[in-house]
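Next come two complexes built around chain A: one with chain B, the other with chain C.
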Partner chain A sequence: MILGDLLDAPVVDSSGRVLGFVVDVRLVLDGPVDGLLAAPRVHGLLVSPRTGTSFLGYERTGLDAPALLARFLRWRHRGSFLVHWTDVEVASADGVRLADGYRRWSPAIPGVAHQRP
Partner chain B sequence: MKRLLGVALGILTAIGGFLDIGDLVTNAVVGSRFGLTLAWVVLVGVVGICLFAQMSGRVAAVSGRATFEIIRERLGPRTAGANLVASFLINLLTLTAEVGGIALALQLASSVEPRLWIPVAGLAVWLVIWRTKFSVMENVTGLLGLTLVVFAVAVFLLGPDWASLGSQALSPTVPAEEGAASYWYYAIALFGAAMTPYEVFFFSSGAREERWTAKDIAESRINVLVGFPFGGVLSVAIAACAAIVFLPQAIEVSSLSQIVLPVALAGGKLALAVVIVGIVAATFGAALETGLSSGYTLAQFFGWSWGKFRRPAQAARFHLTMIVAMLVAVGVLMTSVDPIRVTEFSVVFSAIALPLTYLPILLVANDPEYMGEHVNGRATNALALVYLVVIVVASLAAIPLMIVTGAGS
Partner chain C sequence: MSPRLRRSTRPFPPDETLPEPVRPAGLVLDARLHLLDRQTLDVDDVPVATVDDLEIGPPGSSLLAGTDSVFVTALLSGPVLATRIFGGRPPASRLHRIDWRHVTDVGTTVRLGVHGDSLDVLWVERWVRDHVIGRIPGGRHDPG
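On to the complex of A and B.
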């Protein structure tokens, strides 16, 4: 399996309830140096109730212009969340199951310059 | 001083470059059927293209990315691929119309059958794309296109009933002999003629060809905001000419010879010669722009190297695309299809496809990751949202209206 196979995979919790779909995978570059760059590490999965327009990523960036469009696109992805990789029990192209007591984190990317609280 | 000359040249080429076969045909047809009752649409279209071209030029100058690079990057491969298919085909249709327009204009000048001119026109356009420097190509066709000002002169020489023209333009009503559906169908056609997508592909890619940076934003803004409105005035003049000569006789314009007839009536042979030069320049310029746009869109989507600033051998697929597009356009025209009809369809389909390019540009023009401090201001965004609604409504209404009105007939 490659990482791209995870995109659009359905996400369920430990009781089998559908939570949404994987719309993005968040990586951090904090591993040991591998060649020229730090080795990437999978930080977590972004889960959204729907997959359409998730590519635009308005729920992640805090971009709020043009106001109506930004609001609409963020509203479409309301209820999307980040789940840490440690909370992922099973990950395959057929679906992702989260561990019992997983935690929902904000989908926003921290530390982006234009982020507004 | 040099800067001032640059600005003046830019404005003049923007005026001449604004008009193409779509504007010529649609405005004349509309003038002959509806008088100036649709002149307001030209205003809406000109403001729209100013807004859109200004945004895409700024995005290209600041982020260094042309329209289809952004669409590919921002919409993902699947949506962008569907977008590419639609945009490429409509651009091809426009290219076909422009090459047909050159042939029709040359027929007026020479009385030689257009099908003999079509391969010549296609070859000439390709040779210019292959050999000529980008700036030379732009400036020569733009400046020669300025001769279309003769349409505005003709309006005065024809000595029209100004009060009636004024009341048509200022308090528009659907003419009694036309249905509301036809009126709105032609409103969309005029809107599509003023806001053809290729202008934006070309404008943003041209910004890269001429290596614009953030410093050139002000100059490009002046070119657009002054040049395009003057182009719009010429559009209305074309409609006014047709309204003065054909509307009272209830004659519908359906050929290029009818489009230039008011000018010939007003100014005789000399004016006719001038207007033919203008039409050849305008359609030739637009054929260059649409021909290049076919290469730009495909190359930018697939990430091929593109641009006339590279030698053809270094951008082989870009040039091959343009050659194939030109062969297809010539091939279609050789089937004796009427270029005027092709034009009428191309402007409506342009309106249908407009949201596909408008939305990604609007989103990126607001994204500080691309634009830094040059993101859209509040006023631009307010206007841009209004136009988003206009563009989407026109796009959705076009096909039903096309079916209801039998494509306006």
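On to the complex of A and C.
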């Protein structure tokens, strides 16, 4: 599967309620070592109510400059969340359906201080 | 306009504070933030291509389930300019693969541990060099 097919795909819960759109895919380099680096494992999906401008990642990092832009983009993407891959029932280019009892987590990248506006 | 949920249909309060997840053991990368559109450099620091997309899961699969571990298998590069403007994506057959095992470092650029000449992604450049540039008088040696 090509990752670009997942980006911007709608995310629904088990009852079919639309929760948002996939704006990014979180990877962790802890897969089998093949070459110099471990293979990136799909750890989770970042879901946001809107897709545009999320590629700048202000809602996930502690970046606060330029201040006005950072505050605006973080505000624009409030309501974003991370859902672990294990909570995904099925993912395809048509959309992502989450399993019953899925959990939402903070979208902040671990190890980076997340600053709220 | 890019897709978005209208405020009235958003299922959760926007300013909700969510719990921090447990930090995973390996290096954490967000695909769009840290990999896509990055320049790849070969072992001699020569630019090779940009990362236009990633191949995840078994090649050819179109449906993934959360019960299975899914890994990135290759970086993909290809003619994406038109599809970036007009939408869609080029067919998978037009995208060139660079196996993840060739990647040696991920930073501002993605570094590869192989020579660019050995990768399929540069075949157009090699073809133009051999069949067009090489036939121009003086095209087969350094200037000067």
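The working rule: the second predicted complex is superposed on the first by the 111 of 117 C-alpha atoms of A that agree within 3 Å, B and C clash if a C-alpha of one lies under 4 Å from a C-alpha of the other, contacts with A are read in each partner's own complex, and residues count from 1 in each chain.
By our rule, a residue touches a chain if its C-beta (ideal position, glycine included) is under 8 Å from a C-beta of that chain, and two chains touch if they have at least 3 such contacts.
Only a predicted model underlies this, so the values are computations on that prediction, with no experimental measurement involved.
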Touched partner set for A:39, first chain B, second chain C, both or neither: second
Which superposed partner A:68 touches (first chain B, second chain C, both, neither): first
Partner chain(s) touched by A:99 [first = chain B, second = chain C, both, neither]: second
Of chain C and chain B, partner touching more chain A residues: C
Contacts of A:89 with chain B and chain C, given as first, second, both or neither: second
Touched partner set for A:31, first chain B, second chain C, both or neither: second
Which superposed partner A:55 touches (first chain B, second chain C, both, neither): both
Contacts on chain A seen with chain B and repeated with chain C across the two complexes: 55
Residue ranges of chain C in contact with chain A within the complex: 1-5, 9-21, 23-33, 35-36, 52-57, 61-67, 69-73, 76, 89, 92, 95, 99-106, 113
Touching residues on chain A, where the partner in the complex is chain B: 55-56, 61, 63, 65-70, 113-114
Interface residues, chain B side, partner chain A - complex: 74-76, 79, 362-363, 366-369, 375-376, 381, 384-385, 388
Complex contacts: residues of chain A adjacent to chain C: 1-8, 10, 17-21, 23-32, 34-44, 46, 49-52, 54-55, 57, 60, 78-79, 81-82, 84-93, 99, 104-111
